[in-house]
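Below you'll find a set of structures to go through.
Here come two complexes built around subunit A, the first alongside subunit B, the second alongside subunit C.
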Partner chain A sequence: MTTGVEGYMYPNEITLYWSVLIVLYPYITGLVAGAFILASLERVFRVDAIKPTYRLALLTALAFLVVAPLPLQLHLGHPERSFEMYFTPHRTSAMAMFGFVYLWYLMAVLTVEIWLDYRRDIVVMAQSSSGLKRWIYQVLTLGSHNISERALAIDERVGWLITLIGIPSAFLLHGYVGFIFGSIKANPWWSSPLMPVVFIFSAMVSGIAAVMLLYMLIMRLRREKIDMLCMDTIASYLFYIFIIDFSLEMLDLIHRIYEADESFRTLNFMVHTKLYFSQIVLQIFVGTLTPIVLLALTQVLKLPEIARKRIYTVAGCLTLIGIFAMRWNVVIGGQLFSKSFLGYTTYKMALATREGLLMSIALTILPLFILWVLVKLLPPWPEKVQSGTSAASAAN
Partner chain B sequence: MSVFKDSGHLFRLVALYAVGTLTFLGIRAFFVPHSFGQYGHYRGAAITEIAAHPIHFAGHQTCETCHADVQEMKKTGMHAQVSCEACHGPLAKHADDPSIQPAKLDTAVLCVRCHAASAARPKGFPQVAAAEHSNGLPCETCHKPHSPAISAGGAK
Partner chain C sequence: MNISRRQMLILLPAAAVAWESVLAGTPESSPNYKMTDHWWSMLIDISKCIGCGNCVRACQAENDVPDGFFRTWVERYHVTDWHLENPEVISPDGGKEGFPSVTEDDNGKYFFVPKLCNHCADSPCTQVCPVGATFISPDGVVLIDQTYCLGCAYCVQACPYGCRYIHPQKKVADKCTLCYHRITKGLTTACCEACPTGARQLADLKNPKDPIHEFLRTHNVQILKPQMATGAKVFYNDLDGSVR
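Let's turn to the complex of A and B:
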């Protein structure tokens, strides 16, 4: 039972209760928030260069948002009890408020924005498709086939407003996840007012990197040309936000080193031993400094297109690894040391259990399948819609 | 008027959400017990239901009405503040009907629940590594459980 324990641990600290699934939860939520904020750049801030990824970013956010509560459900068990969050809301518990933060973001922001943006296409496809697809599109039209110019102009305005509300909502969604950790005052590794801010910026970094990679991958699979102006613009946003994110994390680190409170020696030892690989190597060097340097190269050098594509791919993958490592170090790191500051335990990940490695891999892949279905149902590519429109007009 | 006509789909969306909300409220009314929130964030009726449970513990005052000799012995020792049923278990049935005899306790198992050596216990609290201390013998071989200081007479 005490394998992997060094020094003195309180009995209830020996086993880690927040497993890899709790690492996955902020990771997936972060991808949602980041992808949505990227989409909002185009919608609210009129960054036209990234238009090719606007719809893909929205669908990515939805695919990951649908999966976001699953790690929690699997970790806690008894998924039927999760409805208690809505039936008997506990207003003084931040964790119990998750249901409302999630529901708001899913139902009031993301679904409505996607519906408004796709409404014209849905109506066109409801008229041009057949069989089950036609039935699905008919339901999605809500019985209204009005796609007059004026109706679409209203959709555009309402959609803009929803996106505007969506930006603080995305900040709220992921800031909330950071708040959960940052407000645990008994744990010095977590308890920091910077935690929600760091979580938001790391979410933006991971979401932008994920959409950038997905766009390049899908374009490759579709054998279409990658819009390099779009990629260059996204990469520059990724670079700038990454610098802010890294600065904030370093600020947190410097603050801890300078303050050097009673937990410092314990945490410092942990970072140099048990968390050395995941924190120093993976998170900081591989997952942060390397992609920042790679992205900086594309900003200062005039590199050919093929080199930029490769750099964006490598930097994007490393970023996703780095942000996952950051979530790991927060969640697992916070449970590895004793509150007595006199000992350390070890996290041994299970393989084929409800909270094991295979389940985590399945939960990471699941959003990609959902995204595939969403892309089939609501193609983000303009040419598909045009062909749909022409088919509809031919039918008429 | 055309504004309303051209935004008809939005009203449909709002209506759909309204139906969803009403459905939720209906389901909530069905599933949430009526007494929930009566006193706090729990089911108010739970208090009377719990109060109606049969009592399992008699309380040390009840024990002492018959076992005054044990009470006298306890008073002098380190276990003066330990309630009878903390070791003997719930004995309301025995108090109601003395012919129901409580199970005999195995002190080799019982005492180490509190007295096994553990760094988490206060330093001044008596604690032993049982295997080394007694070599498997029951504690009552040397200690009187009701007044545990060592005595030549052993257990009583």
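Let's turn to the complex of A and C:
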């Protein structure tokens, strides 16, 4: 029972209760929030350059949002009781708000925005397709077939309003996840008012990187030309937000080092031993400094298109690894040391259990599969929209 | 009163739901026990604890505590000279079978510290529970409704003292109940009863005749991690500054 323990742990602390699934939870919600905020830039702030990724970003957010509660459900000792969080939420609990924040974001923001944006296409496709597809699109119209100029103008205005509400909602969704950790005073590794802010910025970084990579990958698969103005703009956002994110994390680190409170020696030792690879190597050097330097090169030098594409691909992949490592270090790192500050335990990830490695891989792949279905159902590509428009005019 | 078939169809399920909630809210019967008359706590006298592990064994037997998990445990501290920040602490199997003997040439001081849930008045564990399955009773005992707990382990993370665990079979949070089933019947806790030296004393802070009041007035008493401001109600006499 005591294998993997160094020093002294309170006897009930030897087992870790928040596994890799709880690492996935903030990772996935972060991708949702980040992708949505990227889409909102185009909609609210009229950044036309990133228009090619607007719909893809929304669908990506939806695909990941649908999966977000699954790691939580699988982790619960009694998932069948989780609905109690809706019926009898405990008002002082940060976690009790998850269900409401999630439902608000899913039902009131994301699906409504996607539906409004696609409504014309859905109506057109309901008219032009046949068989099962026609039936699906008919259902998706929700009985609203009016695609007159005036109706579409209303859609546009309501959609804009929803996006406006959506930005603080996305901040709420992920800032709240940070608060779940940041408000635990018993745990000095988590307890920090900066935690929600760091979570929001790291979410934006991961979401933007994910959409950038997905766009390049899909364009490659479709053998189409990548819109480099769009990629350059997204990469510059990624670079600047990454700098803010890294500065915040460094602020937290410097504050901890300078203050050096009672937990410091324990946490410092942990970072230099048990978390050395995941924190120093993966999170800071591989996952943060390297992509920042790579992205900085594209900002400073006039590089050819092929070089920029490669840099964006590498930087995007490293960013996603770095943000995953950051979530890992927060969640797992926060449970590796004893609250007595006298010892450390070890996290042993299971392979094929409900909270094991295979399950977490499946949960990472699942949103991509859902995204594939969504992209098939609601194509985010301009030519489809154009063909849709011509079909609509033919129908009229 | 005439009730139509339609009204009956509405009333019957409503009555069933109401009856279920009445049953769920009924505590174990203790006819002469009034919750609001008590405010339970515990007094632990470090100078009296001999580290025999009787309390841990009694707790395990009384409350069916699973192996490897502890509602109460005993730690042995070894502090040399002025190294208060680096005590050497052990608690082999929660101190259940006692401790290895100390060689005579060991320098420094040794002492035992029994631990259990502090039944905090402002407990962080009850604050974070998403469904309110864990709560503080009107008599000051932090309890868990295990038929309601989701098993999310947020309370385990929030407890600064490491007193909670997820029961490996029941998959719900578990911890010391201060032997609630005993104290509401006028008995003391299993650990207090089994302690051969009287190092652990159940105390009722609302009872003016309880000897704890005299003890608290006349001794140097401390709680664990006072900086956490949890309103801990387990009081330690003769607590060394190295204990955390």
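A few notes on this one:
Keep in mind that, in the parts below, the second predicted complex is superposed on the first by the 385 of 396 C-alpha atoms of A that agree within 3 Å, B and C clash if a C-alpha of one lies under 4 Å from a C-alpha of the other, contacts with A are read in each partner's own complex, and residues count from 1 in each chain.
Simple rule for what comes next: contacts are C-beta pairs under 8 Å (C-beta built on N, C-alpha and C of every residue); 3 or more make two chains touch, one makes a residue touch a chain.
Here the structure is a predicted model, which means the values were calculated and not measured.
With subunit A as the common reference, subunit B cannot sit beside subunit C without a clash.
Once chain A of one complex is fitted onto chain A of the other, the partner contacts of A:P193 are absent, as it touches neither subunit B nor subunit C. Contact with subunit B, but none with subunit C, is seen for A:L142 once the two complexes are overlaid on the shared chain. Look at A:W115: by the touch rule set out above, it reaches subunit B but stays clear of subunit C.
Contacts of A:Y10 after superposition on the shared chain: both subunit B and subunit C are touched. By the touch criterion defined above, A:M85 lies against subunit C but remains apart from subunit B after alignment on the C-alpha atoms of chain A. When the two structures are aligned on the shared chain, A:V158 is found in touch with subunit B, with no touch to subunit C. By the touch criterion defined above, A:K185 lies against subunit C but remains apart from subunit B after alignment on the C-alpha atoms of chain A. Greater residue coverage of subunit A by touch, when subunit B is weighed against subunit C, goes to C.
In the superposition on chain A, no contact is made by A:P168 with either subunit B or subunit C. The single stretch of subunit B with clashing C-alpha atoms against subunit C, selected from 4-12, 22-30, 94-102 or 112-120, is 112-120.
On subunit A, the surface patch touched by subunit B in one complex and by subunit C in the other comprises residues 8, 10-11, 88, 90.
Against subunit C, the residues of subunit A that register as touching in their complex are 1, 8-15, 17-18, 72, 75-79, 81-82, 84-85, 88-90, 92-96, 98, 180, 184-187, 334-335, 338-342. Those residues of subunit B that touch subunit A in the shared complex are 2-3, 5-10, 12-13, 16-17, 24, 28, 31-32, 36-37, 41, 119-120. Those residues of subunit C that touch subunit A in the shared complex are 68-70, 73, 75, 87-91, 93-94, 115, 124, 126-132, 148-154, 156-166, 170-172, 228, 244.
Interface of subunit A with subunit B (complex): residues 8, 10-11, 83, 86-88, 90, 107, 112, 115, 119, 141-144, 146, 148, 150-151, 154, 158.
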